[in-house]
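The following pair of complexes shares a single chain, subunit A, combined with subunit B in the former and subunit C in the latter.
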Partner chain A sequence: MTNILPRKDVVIVGLGWTGSILAHELAQEGLDVVAIERGPWRDTATSFNIGVMPDELRFAVRRDLFLQPRTEAITMRNNVDQVALPMRDYGSFLPGNGVGGAGVHWNGQTWRFWDSDFRTRSHLVERYGAQAIEGLTVQDWGVTGAELEEYYDRFEYLCGISGKAGNINGTIQPGGNPFEDPRSRDYPLPPMQMTYGPSLFAEITSGMGLHPFPCPSANLSQNYVNPLGVAMSQCSYCGFCERFGCANYAKASPQTTVLPALMRFSNFEARTLCEVLEVNLAPGGETARGVTYVDSSNEEYFQPADLVLLCAYGLFNVRLMMLSGIGEIYDPQTQTGTVGRNYCYQTNASAKLFFDDKTFNPFIAAGALGQTCDDYNGDAFDHSGLGFVGGSGINCLPTNGRPIETRYLPHHTPRWGSEWKKATAKYYSNTLHFTSQGSSYAARGNYLDLDPTYKDRHGRPLLRMTFDFTDNDVRMSDWVSDRMEDIAKASGAPKYSISRVAKGWNSAVYQSTHNVGGAIMGADPATSAVNPWLQSWDVPNVFVIGASAFPQNTGKNPTGTVGALAFRTARAIREQYLRNPGAALVPR
Partner chain B sequence: MRHGGLLRFAGWAVIGLFLAVSAPARADGLVQADVLYNGYYQSVLGDCSGCHTKAGGALLAGGDPIETPFGTIVPPNITPDVETGIGRWSLEDFRGAMHRGIGRGGKRLYPAMPYPYYALMPQRDVDALWTWLQTVPPVSNAVEANLLPFPFNEREAMAGWNEINFRPGPFQRDPDRSDQWNRGAYLVRGPGHCAACHSPKNVTGGDVADRYLQGALLQGWFAPEITGDAWRGLGGWSEEEIVAYLATGTSGRAVASGPMREVIEASTSKMKNDDLRAIATYLKSLAGSDGARPTPVAADNPRMVAGGAVYRDNCAACHGTDGDGARNLIPALAGSAAVQQEMTDTLARVVIEGVQGASSDKAPTAPAMPALGWRLSDAEVADVLTYIRNSWGNAAAEVEARSVEDVRAKLK
Partner chain C sequence: MLGSASFAALSLKPQAHGATVSGALPWKAFSADPPEPVPEGQRLFFTEAEAELLSAIADRIVPADELSVSASEAGCVTFIDAQLMGSYGSASRLYMNGPFEKGLATQGYQGSQTPAERYRAGLAAIAAHVEAQTPGKAFAAWSADEQDALLKELEADKVTLPDGVDGQAFFELMLKNVMEGFFADPVYGGNRDMAGWKMVGFPGARYDYRPFVGQHNQPYPFDPMSIMGNADWVRKGG
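Then we have the complex of A and B:
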């Protein structure tokens, strides 16, 4: 039997970055807000206790803070000719679990996308002609870089991002990223202190005429009090960021930036260990009435609400829309339907430079501490005649030197025995590691839908992911790997190895938790699931907020853009939607 | 809480409006509203809800038990409920309780109710508080206040206690001091009843007059010295830091926790800034213990070496190798009077079981110290505390493992 609860103004599914930002904005507006979160409550002193947190086995290898497949699995295949099977363990990507979501376990690399990224299709067609994007289903976002600037700024100041501006109101700033779009002011904090590895990388690449600059970091270079009055601490460079919660309030997360202010509102409530099963629609399917969820004792509740915000991890936003009948599920044969369309990922490769006479001390690290070159990212370079579109940032970000998983070994090193031990000891500290993080451009055959066979513990179909790297993206990444090889050669390292991306995406090997798309934003309801305010085209009192809205992915980490979109949607709800609740902000 | 504040203000506006339209003369209504607001503010100054409201419970409907050296006392329900609150009390009864420690029907109160301090309040303010108490929603909640063992359960014994410890009001101004100083002295000695926690007690539980506000142990917490003493008191604090601490829960370098967190959240964060400044002026003017600062324990002392190692492994990531902490978030240990107090019960319990800091609308962080007692032995806790008390210019007596063991035993 379903327990029917008293009505709320707003129900939010998931209390991570977007959920907590939206909850805070709408609680400020005076609305009664409830957030329903599948995982547990987490806070710094108890959940990320300094005496517990630096436990690589528990948190990095056994992934204590992550979603486990027994709670929700995903089936995968590389193309429609295969039969998808459930991932028995999350490997290639690791969705978070619990309050704070991915904001707990991220590294903290906080980027702004460029205007040319938001206008991917128009921009590429204008510059290279329509044939340049043949076979790709890249789209425009329906928002410009200039429109998002103030929201990027809000997110960066919320988090205390440490970096160096490259372009303030059109004036190029020495030491910053010369390729970035104009920003209204510098980052709230200066860049982190550079360690030897990134410093050497900067020396080598600037010697080659490239433009290295400090990666914008949510690991704080200094103590900081954000605009909500929430205080954060300077990073201690311990190197336990990705896969860990920060033990000393030094990495921006919902816990360290928003939740302390949010939890003071008596008109906000968080319900943890509660899993939303469905958004309930009124007859006709054009209005959401609320959500149905189960608590940890499997008791079922209906939470009525006027406004439903899907703020779960992007993949699960998409699945919840499909399970609830919000919008039409995408069909790759007919290319109709919008939900599940344009699932994209990230196209990565890496370089390892093995020195004999250098000591990098990789254990002095932070998740976003290092140097980046954007010379080969996005459309910062002329693609004429290259045979691909898109690009990669080249990042020297030695995020950690944790003992179990840090194994820098040249090719042909024996896999065991005394030679292996000798090489492990030698190259632990002597290796300069950098990576290319590449764009992932949408194609017809890469998409999400519901699996016809496999179900979760509640009997609901699992999400099915059909994905492989596109030929365009493989060509792009391979070309950038050649550029990384140029850097390796210029470095004078006696040995190096370059790993290259290959067709046949493997879900078992960790690559990136930057899964994007599936509920994409856009100006055309025929090819997007949500309008440019992230409001469902089909059910206007549902907003779907997160990286699920990205029509394709860039060569940058998504969180900055996710945060900016959340602030922009919050403002649209406060200033436009609430004047005429239930109405579409953009007519169909 | 912000929401609650708004509601409360809205409530005031409604009361004011109601009185304004229903009273014969509009001016009377406004006078009445002033009285009510003054009464509410007296409840803030006196921190009534600090004791009389349970954590998460209804306003003034009875508090959490208070452990005293004489036994347990439960703060009663002081809502206007007729059966279980003070609904049958008269204004005269209330004045008796506040000024003489004698409640309705001549029943003597225990001085856990801080009437020896409230006795300094002018009758006008006590009357205003009474008027405001009538507007608190009545809640039916029977409280058995007196859980004391014999002979302390004999209320009449309090007559003798008063003979020894109680000096009736009113507050006497010092004409040689500024108005601000006098206001601060009144607030600290009177409604703020700071000495109830911060002054050492004699065998009968009364304040030791010549050790006024020099720190005392209460309910497992050592309330530190808050005089102007440069070593253990507030001598190293600016007035601005004291005001910020009381208004927000953090001075920047210090973060309130333990019982002081409750005082700040329920009382001082709601006080007017001028009153906080007056409190700061007065406290800094007090001479204090003037204890001779000892020579710090030598850095090469084996306990300092061991404590330094524990510190670097467990504490330095947040508090810094220089003991400087992080503004509004992680208390600075260097130069902290709180870590150099005579008794170390607070320090030991904070290391063993952790603690959550105070929060306010202006400083909402509510940072917390993680519990480390599960991984540090009594000797390690004692060593690291010795190290903290004798590094970066700090100097204080070594901490013995035995005293940490005692604290740990009480926390179980």
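Then we have the complex of A and C:
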């Protein structure tokens, strides 16, 4: 028995980063908006209370705030010859749950992609010839860096991003990232104060001729009032940041930037602890009628709506499209179908420098505090003759010293016993850790579809992820690891170790919650699921917002771009779509 | 928690579960419930023999020396016992639908047993293996070197335990849980007197380091603190 509810103008699936931005923009437009969120209501004073928050076991290890696999799991395999099995616990990535989504417990490293990233295919072919991308299915996004600039600016000012511009309207700024595209103005706040580790990293790398600069951070360097009138505080460098909510109102999240303004609109309503099962299509499959969801007692509801926005996090956007019959599911054999295509991830490696006589105090930290070198990122360097495309940012971002999970030791140290204790006591505060965060370029065999065997608690197929690092990306990361080794040698550290990427993506070891693609944007409906405004090519009153739209991933964290795309879609809905509701913004 | 604007919609179905929020931020003080402190020496899950065996193993993982007390003295067995009684022990968060297949290393743990079941079976298998090696002499009575030798063999997957128990996987589970107990907030029963935190110099739940960010390469001056407060405060408060 499905309960039929009164019609709404807009139904939003998921109230995380993208859902809250879209909800606010459309509530401002005067539309009747309901957001349906799978997890609980969460707010700073109540849920991220300082009396409970600094608890590594509960939040980082047992992962209290995250999506529990029992609610929804995903199956994985490295290639089509293997049988996918469920990730019984999430490991490599950790999706969010509840109001705020993963925006609650993210780090806050907030990047802009470059124009060369948005034109990956045409840029690489122009510069290196078509053979450079052989075997890869990289694509252009259908949007340029210049077009996105004003939306990046909006997201950064919404959040109070703390950083240093590297290029304002074409003029290179000392202390910023010289490789970035022009921006119209500086960040809203100056960079965070640097701890010892990143300062030393900056000293070593600038001595080698590299260009370190402060990572743009959503952990605020100063108090701030954002354009919506929401006040935020200075970060206290507490070191319980990623995987935790911030008790200080100092990390930009939906809670600290949008929700206080959004909740004042009486034409907005949030329904929590309600899971959307599918988008219901009218006969013919070209129009969405609304969504079906269940509440926490499994009671089923139909919420009719004129406009449906999928804001459920990229992976779950893709699964909801597949379960609802929006677009055709990608088939890697025939390379037909668009939903599930170009699933990409992030290609990471790391370096640890072990000193004898330093005190880094790793617990004085924040999720996005540190220094980055973009010298080997994207196409900032000439790839001629290197045998790969893409690149990695090299990041010295010691985000925490939480001792259950963050204890670095030189290779061949025993993992227990008295020798282990000695080494742990010595190196806990003596280790400088930095990483390379690399691009992940699309290939035919990396994709998402529905699992034939494993079901969720409602009996519906789980999402199946088929993914491994491509040969191109392994070569890229390996080359950047050599550059990290150069830094390690230049540092004078008596010992160091480099953990390189290897084939065989391991789903059990945390890497990053940067899952991209699967419902990618583009100018051609044959190779993309959504148009450049993130509107479904197949069902025009459905928009799909999130990193699911990325045709491939860069060597940077996704959320700056996700936020910019959300603002751009909101504007397209307000200024174009609503003039002629239900119509495609780009003809098929 | 029901806002006025939304009440109309949900009042159609007054017994609806889930919550609706509209028109204002909801306020419910301290909805993030603090954890219940685990009392010293509490034992709810393990039998006495199991606790003795696990203590002996844990005390080789973290032996007593000049750097700290041993794992069991720091409460790690009490910690694991409490964890196994709770949602961790019953794997209530995890996806536990079948079919269960062996799986590849890249697919993570694929067993059908919960952590509580793994401890029950794993400790029994180690006890049986020990009994077969040295009848009448329990693991706890072995010399430290003998104990280390068996643990190293388990770690290297060189022992076949009875009843199909995967010795290496069980060793990894114990290693992980002992470390959790040694370094988690003392509220969970381990890390007694913040022994683990003192060993490495982690200040615990301090939460504000602003005065120290610029003090590069200098030791942090204060003792650790738990979310329950500082041991000194507790004593002073009587």
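Worth a mention:
The rule we apply is simple: the second predicted complex is superposed on the first by the 588 of 588 C-alpha atoms of A that agree within 3 Å, B and C clash if a C-alpha of one lies under 4 Å from a C-alpha of the other, contacts with A are read in each partner's own complex, and residues count from 1 in each chain.
Basically, a contact is a pair of C-beta atoms (placed from the backbone, for glycine too) under 8 Å apart; a residue touches a chain by one contact, two chains touch by 3 or more.
Model, not experiment: these values are computed from the prediction.
Overlaying the two complexes via subunit A leaves subunit B and subunit C side by side, clear of any clash.
By the touch criterion stated above, A:R88 is placed in contact with subunit C alone, subunit B being left untouched. In the superposed model, A:D55 makes contact with subunit C only, not with subunit B. After superposition on chain A, the vertex angle at the CA centre of subunit A, spanning the CA centres of subunit B and subunit C, is 80 degrees to the nearest 10. In the superposition on chain A, A:S236 makes contact with both subunit B and subunit C.
Shared-chain residue A:N223: touches subunit B; no touch with subunit C.
Subunit A has more of its residues touched by C than by the other of subunit B and subunit C.
In the superposition on chain A, contact is made by A:S266 with both subunit B and subunit C. When both complexes are overlaid on chain A, the residue A:T2 reaches neither subunit B nor subunit C.
Residue contacts after overlaying the shared chain place A:S184 against neither subunit B nor subunit C. In the overlay built on the shared chain, the residue A:T44 is in contact with subunit B alone; subunit C does not reach it.
By the touch criterion stated above, A:Y249 is placed in contact with subunit B alone, subunit C being left untouched.
Of all C-alpha pairs linking subunit B and subunit C after the chain A fit, the shortest spans 5 Å. On subunit A, the surface touched by subunit B in one complex and the surface touched by subunit C in the other have residues 43, 45-46, 49-51, 234, 236, 238, 247-248, 260, 264-267 in common. Of all residues in subunit A, only 3, 5-6, 34, 40-41, 43, 45-58, 61-63, 68-70, 73, 76-78, 82-83, 85-89, 91, 193-196, 199, 234, 236-240, 247-248, 259-260, 263-274, 295-297, 299, 301, 358-361, 363-364, 401-404, 407, 415-418, 421-422, 424-425, 428-429, 453-455, 504-508 touch subunit C in the complex they form. Those residues of subunit C that touch subunit A in the complex are listed here as 1, 3-6, 8-9, 12-13, 15-35, 60-63, 65, 67-68, 87-88, 92-97, 99, 101, 103-110, 148, 151, 155, 175, 178-180, 183-185, 187-188, 196-197, 199-210, 212-214, 216-220, 227.
Contact residues of subunit A toward subunit B in the complex are 27, 43-46, 49-51, 223, 225, 228-234, 236, 238, 247-249, 260-261, 264-267.
Touching subunit A in their complex are the following residues of subunit B: 1-4, 250, 314, 316-318, 326-330, 354, 356, 359, 361-372, 374-375.
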